[in-house]
Amino acid sequence: MTNRLSPPIILINFKTYAESTGQKALELSKQAEKAQRETHVTIGVAPQFADITTIARAVTIPVFSQHIDPIKPGNCTGHVLAESVRQAGATGTLINHSERQLKLSEIDETIKLARNNDLTTCVCANNPSISRAVATLEPDILAIEPPELIGTGIPVSKAKPEVITDTLKLVRKVNPNVVVLCGAGITQPEDVAAALKLGTQGVLVASGIVKAKDPYTIIRQFAEATKT
Amino acid sequence: MTNRLSPPIILINFKTYAESTGQKALELSKQAEKAQRETHVTIGVAPQFADITTIARAVTIPVFSQHIDPIKPGNCTGHVLAESVRQAGATGTLINHSERQLKLSEIDETIKLARNNDLTTCVCANNPSISRAVATLEPDILAIEPPELIGTGIPVSKAKPEVITDTLKLVRKVNPNVVVLCGAGITQPEDVAAALKLGTQGVLVASGIVKAKDPYTIIRQFAEATKT
Amino acid sequence: MTNRLSPPIILINFKTYAESTGQKALELSKQAEKAQRETHVTIGVAPQFADITTIARAVTIPVFSQHIDPIKPGNCTGHVLAESVRQAGATGTLINHSERQLKLSEIDETIKLARNNDLTTCVCANNPSISRAVATLEPDILAIEPPELIGTGIPVSKAKPEVITDTLKLVRKVNPNVVVLCGAGITQPEDVAAALKLGTQGVLVASGIVKAKDPYTIIRQFAEATKT
Amino acid sequence: MTNRLSPPIILINFKTYAESTGQKALELSKQAEKAQRETHVTIGVAPQFADITTIARAVTIPVFSQHIDPIKPGNCTGHVLAESVRQAGATGTLINHSERQLKLSEIDETIKLARNNDLTTCVCANNPSISRAVATLEPDILAIEPPELIGTGIPVSKAKPEVITDTLKLVRKVNPNVVVLCGAGITQPEDVAAALKLGTQGVLVASGIVKAKDPYTIIRQFAEATKT
């Protein structure tokens, strides 16, 4: 696994926000790259499929797809092929985000397809028991995001710190190697610091950065917060 | 509807074939553009999402997305936003391909979203009664593809000409304006000519071109066949 | 089509309410039967799958399944076979309820399977354009239910009468024979009368009856309201 | 968990076969009950939803639903409520059969809902890594069924014994308590004996019994084979 990212990691999910589509996605990615250059913290971006090529050519930070389908090259009109996002320049992919959940067998197959295509896998999970199940499937990264907190501005590290600590305990028993990120509701640098203090190795963040007035400053503050 | 294409139309679905992914998708699109320039027949390409940007910048022929999701900008990780493929350069989209079927209400919503984003809609249908139902939803283009013939090399115009003529009769009663394409199993120029003779206004074709040894020659022959 | 019901029709969707599960579903069905006997208005019930047998044996009013899958006998564990609900005593089925929507090709196939199994089809639709598309598929009954009103207690006949009249105009052009029911938000006898005055031939109702303190009285009032 | 079944277990999945629908499902269940009475081996049946009530009233052996949905009582037309199948007499449920797969979070939620409704859970899995993931979710029973063998008559115990032994090793590390069944392709008594020798505690079987000329004899032979 040569493409494992060095924690701490700040992974920015662009979702399908207007503020992170097309030209704006490119600009945001450049700001993320600038923050990485200045702080030396690993910062990745997960833009929409159609924006991967442009961004991957313009920046040197990790670019993730937001999803891939459990398919091989062939008759799969309208689906997302691992080979396609890889050739477009993605070096990783989100899998099973709470907004794009997969069947269990699809998660298993997708992780294997991503690995065969040299894509770092970041699999999302909603609660401690699901996180443990995901950890046994051996993704590179596990992102725990209670769906009821997504987009609320209430960080899981504050609202439900026990979700994080419980998850870490369960996960470590079945898989000591997976990198664990914390997601949902992260908007303040102190949320990032809190997530790391609880034992995670980074954050998966979306609106907290994408919808910020000055995304660059927030990214930079988040990166600095990982060092405290 | 300024973005309506002039029939006859040859629309090439790249699916997720290895032969039409990444750099190869770009090359194939250039061959399609060359054939259009030489024959003046409308030729469109429908590459994978991640290839839209590169192709749309390189060629002047119509570029279709293979699918869009019935969503608006927002929290839809891993989904395909009309705005995103439009900004990437697509001018149209396939909807409800037999390999990526949608719920009825999603087809209705997706057609409206595509129209709002200035995307030409090509909705696929499997049989005469489904084609009639689709026609009432007023897409720009209707592509009739019996799924049992897709990828077989047996053209519907030969195996089931009555599917085409029945479809046209039913469709015209509820919608005299929709452009009707014929798909599934088209590999020979004579299949294209036969499809037009039956009353359709073009073809939706995939492996017949994408997996051909010399795609350019086939595209060119198909284009010429529309003139016979 | 010997199993066509005589309008006006009151079709009670039991959904998965606790108040209409198991023994309570049976009691509610008996109340519906009593109201039918007294008013001679067609009253049907749509209980959960597991309750069909018991209810169909106990009452003589029409019993609908809430859904069937587009499958034939075979390897379809966990799916709902038309033959199964028919043998259990159902004489009809809802299809494409807004809480259980189907792909367009599945609606088409399911209507045909239902017909082959002598089940009256009641296909649900959300708006005028979807209703017209459904009408072309020739179900026995079309129920128009704007999803934003379901369970609100605000009847579509009051909040959006134009949805009903628009729908009827569009539907009649493509299918003059389909029986049209009006759903969503119906809780008062006057809502039933209003729905019929707009030109529909009955109502599809759920919580307005199931969650009423005295369902029998409401059913009876609804039946009387169809006569005004 | 008072409703845990005593291994060895023979669990018969009726699927949606014509041979196990309606009256025939009832007869088959009576034959299974007879075989249980004579052999004292645990034999369960998993009929279609609409047949649960009739069968559960007629026999005393365990009756499983083939699926339940991750829902609570409410607005879920056409879905399968745990409370409903429980009140109909089911004492257990299959979950995530390869023909009715669920999203990972749905499996987690469904197991919890089943437990709250006193239903024994039998979760199906396709390969060793998926089986391990399922085992961490703590179902009562885990059934391992390679989908490529389902309905082939080739038993996994013969074609892929390593799938079974690998699965057992992985599963036992994360969950020493779950009862493991072996499925797919079991048609002979020797297949049952082989499955148990590999360390499983019973079989999940479908066509091997349902489509047999004399199902009773096969069930009885399978039950005897568990004792060898």
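Order as written gives the chain letters A, B, C and D; numbering starts at 1 within each chain.
FYI, a contact is a pair of C-beta atoms (placed from the backbone, for glycine too) under 8 Å apart; a residue touches a chain by one contact, two chains touch by 3 or more.
What you are looking at is a predicted structure, and each value in this text was computed from that prediction instead of being measured.
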- Note on the structure: Common contacts of subunit C and subunit D, by label, are none
- Query: Distance from the CA centroid of subunit B to that of subunit C, rounded to the nearest Å?
  - Reply: 37
- Message: Can you compute the centre-to-centre distance for subunit A and subunit B, using the mean CA position of each chain? Integer Å is fine.
- Response: 34
- Task: Take the average of all CA coordinates in subunit B, do the same for subunit D, and state the distance between these two points in whole angstrom.
- Result: 44
- Can you list the subunit D residues in contact with two or more other chains? 98
- What graph shape do the protein chains here make by touch: line, ring, star, complete or other? ring
- Task: Spell out all pairs of chains that touch, sorted by label.
- Result: A-B, A-D, B-C, C-D
- Query: What does subunit C use to touch subunit D in their complex?
  - Reply: 13, 15-18, 21-23, 46, 48-54, 65-67, 71, 73-81, 83-85, 87-88, 90, 94, 97-100, 150-151, 206-207
- Message: Looking at the complex, which residues from subunit C come into contact with subunit B?
- Response: 96, 98, 101-105, 107-108, 125-127, 129-130, 132-134, 136-138, 174
